[in-house]
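Quick heads-up: structures coming right below.
Consider the two complexes below, in which chain A is the common component and chain B and chain C are the respective partners.
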Partner chain A sequence: MWSYIGRRLLILIPVIFGVSFLVFGALYIIPGDAVDRMLAESGASAETLARLRDQYGLDDPFLVQYGRFLSQMIRFDLGRSIITDRSVKEQIRNQLPATIELTLSALMIAFLFGVPLGVISAINRGSWADAIGMLIALVGVSMPNFWLGLLLIMAFSLQLGWLPTAGTGGLDHLILPAVTLGFSGIAVIARVTRSSLLEVMSSDFIRTARSKGLRQVTIIVKHGMRNSMASVLTIVGLQFGALLGGSVVVETVFSRQGLGFMAADAIQSLDIILVQGTVMLAALAFVLVNLLVDLSYSLLDPRVRYT
Partner chain B sequence: MRFRTLGLSLLATLIVLSGIGFVFADGHLEIVYAVNREPDTLDLHKGSSRYAMVPGASVFDTYLYLTEDGEYLPWLAEEVTMSDDARVYTIRLRPGVTFHDGTPLNAEAVQYNFDRIVDPATQSRAAVGDLASYQRTEIVDDLTARVYFADPHPAFWFGLSDWRAGGPHSPTALEADPDGFARAPVGTGPFRFVEWVERSHITIERNPDYNWPYPRAEHSGPAHLERITFRTIPENQSRVIAVTTGEVDAAMSIPPQSVIELANNPDIRIESRVLPGTGVILVVNGSKSPTDDPAMRQALQWAIDPTIVSRVGYFNAWAPHLGSVMSAPNPSFLDLSDMYGFDVEEAGRILADAGWADSNGNGTLDKDGNEAVLQYIGFPSAQTTRVIELLQATLRPIGVDVNILELDTGAIQKARQSGDHNIAHLTWIFKDGGFLRTLFHSENLGTGWNFTHYPMAEVDQLLVAAETEADLARRGQLIEQVQRIMLEEAIVIPTVYQQQINAFRSNVQGIKLYEVYGEAPYFYDATIE
Partner chain C sequence: MLLLLIFCAVFAPVIAPYDPLAVAPFDILLPPSPDHWMGTDTLGRDMLSRVIFGSRVSLRLGLVSVSIAMSLGILIGSLAGYLGGWIEAALMRVIDILLAFPSLILALIFVFALGPGLTNAMIAVGIASIPAYARVTRAEVLSAKENLYVQAAEAVGAPSRTVMFRHILPNIIAPNIVIAALGTGIAILAGSALSFLGLGAQAPTPEWGLMLSQGRGFMSLAWWLSFFPGLAIMITVMALNLLGDGLRDVFDPRLG
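For the complex of A and B:
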């Protein structure tokens, strides 16, 4: 087990290296830079621009810039934002708690609603309950979260006046963003739960359980769900990545503190150093969460052993 | 059942809590002002974002106050005099002004501020531009400072009215924590900084010692409001909803399409101000076919009507442009609306007279083997797309086609610099006419912001002369000449003015949008009922 974890962590090194190359390369080939953007806002002189480009090494060749980026990363130094001149690490530290709060809330909503919806659809396969469940799932997968967010704001803030439109604060500020972000997760988890449970329920051991006269609830919960959870957990891990990506839009629509809001702002300002730091962190978090998901398989299925 | 009870209790708690929030806000004369972007820094010596002026205009004051008519009125400076060669300025300060930390505003503070801005260690991005060719500041007496420039610098008048160079920062606070000042600024303004919670809000509170209001103020002594919270809400529709529900008391940068809806709401008041700068203009490429032909450029002028652009593209919320490359609030603005009319047939006649004809019968005009196909490059925005589609539909009947290409910030800059366009979208916000050099001097072709790709020696000479002309009236005439030439050459197409539109709840009164930066609200006289 521990040697497996060790190996997986070692594999992280080339993964992170590859991600860093993709992130840096993608941002490098975008035409224009933050200095152009600054000029548009301030009318700074050509000398000021040249000085800024020199200061941030924006005119250096690709390999020089990439080498500098890698050497900073190795020292856990994510650099300083071009726009605010503040440490990227410090900015991430300030925004991270709000994104974790939102992502975990959304994941919880997705799991708590998605799994029962999938189970209900599976055990009532072909019935109206299945049709409604899968219709909800279809809507959830199809509807862009910025659109859902605006609809929820219009309903619960503008029309009913129950919840605030925007901002970061207590539970009232969390409900709409978490539901918006978690809705597509409900859909995905429900569909996977349904198909996975249907597959398990047609297995021989379920037939055996039935022939032994076990109650339907016991069969579904104890035998069916436990065996179908591996696929659901995999999708939960992948959903974490989708939710991190979705937080860019949701945090912006709800003007909520967080890495997504920060990243969207940084992209608009072409603040490449801040974008790099945020994307690298998100990639690392995604890889680590998937490692945790892989490790959790052994808890659910004793047949899974890591060597 | 238990869950239902729990849900209802939770909902009731939320409603009660939000109610408490509003009572607190009203009871303490606090207002919440929704902004669309955060500043980069509140150390205005260093930063470059215009959004820093939104809270900055309340934390800092300026030496001079620039009115809409271009007049410089005394404020923190009782008097400013300029030498005949525009190289030496003498600033006599108003007595009794102190920073929020108690430091007096004196000649030493003036010297400290200017020296800091030009110090390379400060890494100033915008303020340093207001101090071009700065040499030194001499302390004449406690309240008098003399500023020396190597070259004539008439634009320093503007610099003294601009918060970035002309809004004194506390030397004591800067010495104590030069980096921390960016997020804990100390100025002389009617409000003191309280906190900045990143990507959430900035809060300022009343300065009880304040007694040096700006010249157009309606009262004296401290401001009426106790507290102002600037809440960042970047999404346009969320900002509109927040002010509609009363969650915020005011919201800036209302999109044109939401103006009618809000104006019909009896609880909301809309206020709008034209921003200085270029307005929304289309820059024509003078070196790429077919717009290298003056006749084609002239035809374009006759084919576009700013009034229709305002109606179709901006729901009449942004007013038609009456000038060429400058908006109405800029000193030396020239109304040139009578130079061309809107007459598509006239546009067709101009092209026919210049030899444009559909020789191959494909429905598109051609001349010397070149087709009358224009490449437009702009930002992906609903308004500008509508405008260019309007132009496309107008030109089609006379045999001119328009290809539309919309690109994001970085890509558009390279495309415009490379001259891939015949027509390119451009907006620029700045009060002093000196910005025309950045946009239209041939030194900025290729790598800078001159997208005309059309060197004009006379314009170059006028722009350089304007930069060093000490006589402000004469300087204004030079800038007027530039505006006229740009339209005579038909190298720009003015469409609408860029406007700052704010929405206020009707119980909020007295917030003024400052005349230099339309985004910057003035809260000094503001009240909330």
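For the complex of A and C:
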């Protein structure tokens, strides 16, 4: 197990290098660099421009700049924002809790509603319950989350006045964004749960369990669910990525504090350093969550052994 | 449903009751009525006409980005699968790197680098979707390579290009078509999200995501501005998902 984890972490190193190269490279090729673009409108003098370019080392060759970027990353120093001159690490630290709160709540909603929906569809295969379940799933994967967010605001905030339209705060500020972000996850998890449970339910050990006269609930929960959880967990891991991406949109819709809102804002204002830091963090988090998912298979399924 | 959409996109100038860009200062924010089925926007433009013309933009966005993703994905996947060795290792590491990003965030990076705009959004969404095609193609090529007829073709000295295009390629088309159908819907969602964030289509283009974002500030006054473009996106993506599911059932009944 430990050697497996070690090997997986080793494989991650080149991937993370690649990720940093892509993030740096993609933002390096921006036509006219950040300072020029940022200051073009404010009409800064040529001297100010030159001083800022020098301060951020924008005139150095590509490899020198990339090397500096890498060494900063290794020291967890994400630099300072070009626009606000505040430390990127500090800004991320301020925004991170709100995004974690949102994505975890959304993931919980997706899991708590998606799994039962999939199970109900699978055990009632072909019935109206299955049809309704799969229709909800189809709507969920087809509905743009920013539209769902706006519809929920219109219904629950503007019409009924039950929940606030926007902002950050207690539970009442969290409900609508979390439902918005989690809804497509419900759909995806329901579909995967259904198909993997259907596959498991046709296997021999389920027939054996049935012939032993076990109750239907025991068969589904103890024998069926446990064996279909590996596929569900894989999807939960991948959903985490979708949630991170979705948080950019959902936090914008609800003008809610968080990394996504900050990143969208940084992109609009061309704050390259801030974008680099946030995106690197998102990619790292995504890679690590998928590693954790891979490692957790053995907890669910004792047949899985890592060598 | 999908045919209706394609019909709307192709015949938009004929079926749209008004010019989607025509500003009418005396008709601003009219609610839905027999004259304007979906109401009018803040500049008095007819929403129905804008939604109809929007189908052109969205379908183009979906098709162009999927074409980019599919052609590059098939190229990378088949080179990796067929040639093997260090080329395969290098190409698949590139794919691993792309997969390390949540796809919308990857699209955001590219659109940030290329600059906002509809064309750049299509390219960004296209590049972000390459991994799915590349991985499936590689897997299919690897298994197709083991077929006797491929080995026979190689044994009689057929050049790699012939083997690749004539014997292997037909095997990888079906799964890629299924991914493409589902991928077009995903691309339309991603593209409209970029437009919603102000990074895709720019005003006054009648693009659904952009229209939604413009209607956002008027939710309490004019619900129709945010309602209809979103409905159009959902119906389009739903139609493409149904098509994708149907194609999957046809090409790969095991997955149904």
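Definition applied: the second predicted complex is superposed on the first by the 297 of 307 C-alpha atoms of A that agree within 3 Å, B and C clash if a C-alpha of one lies under 4 Å from a C-alpha of the other, contacts with A are read in each partner's own complex, and residues count from 1 in each chain.
Keep in mind that, in the parts below, a residue touches a chain if its C-beta (ideal position, glycine included) is under 8 Å from a C-beta of that chain, and two chains touch if they have at least 3 such contacts.
Everything numeric in this text was worked out from a predicted model, so none of it was measured.
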Simultaneous placement of chain C and chain B on chain A, clash or fit: clash
First (chain B), second (chain C), both or neither touched by A:252: both
First, second, both or neither for A:275, with chain B first and chain C second: second
Touching partner for A:244 - first (chain B), second (chain C), both, neither: second
Which of chain B and chain C A:217 touches, first, second, both or neither: neither
Chain B versus chain C as contact partner of A:18, first or second or both or neither: second
Contacts of A:171 with chain B and chain C, given as first, second, both or neither: first
Touched partner set for A:10, first chain B, second chain C, both or neither: neither
Touched partner set for A:138, first chain B, second chain C, both or neither: second
Partner chain in contact with A:154 - chain B first, chain C second, else both or neither: both
Chain B collision site on chain C, chosen from 75-83, 129-137, 201-209 or 237-245, when both complexes are overlaid on chain A: 201-209
Set of chain A residues, in rising order, touched by both chain B and chain C: 30-31, 150, 153-154, 158, 252-253, 264, 268
Chain C partner contacts - residues on chain A that touch it in the complex: 14-16, 18-19, 21-23, 26-27, 29-31, 138-139, 141-147, 150-151, 153-154, 158, 195, 241-242, 244-246, 248-249, 252-253, 263-264, 267-268, 275, 279, 282-283, 286-287
Chain B partner contacts - residues on chain A that touch it in the complex: 30-33, 36-46, 48, 51-52, 55, 83-86, 91, 94-95, 150, 153-154, 157-158, 161-168, 170-172, 252-255, 257-258, 261-262, 264-265, 268, 270
Partner chain A, residues of chain C touching it in the complex: 93-94, 96-98, 100-105, 108-110, 112-113, 115, 185, 189, 192-193, 196-199, 209, 212-213, 215-216, 219-220, 223, 226-227, 229-231, 233-235, 237-238, 241-242, 255
Chain A-facing residues of chain B, complex: 10-11, 14-15, 17-18, 34, 37-38, 40-41, 46-50, 120, 123-126, 128-129, 132, 182, 197-201, 231-235, 237-239, 241-242, 244-245, 247, 409-415, 428-430, 435, 438, 444, 448-449
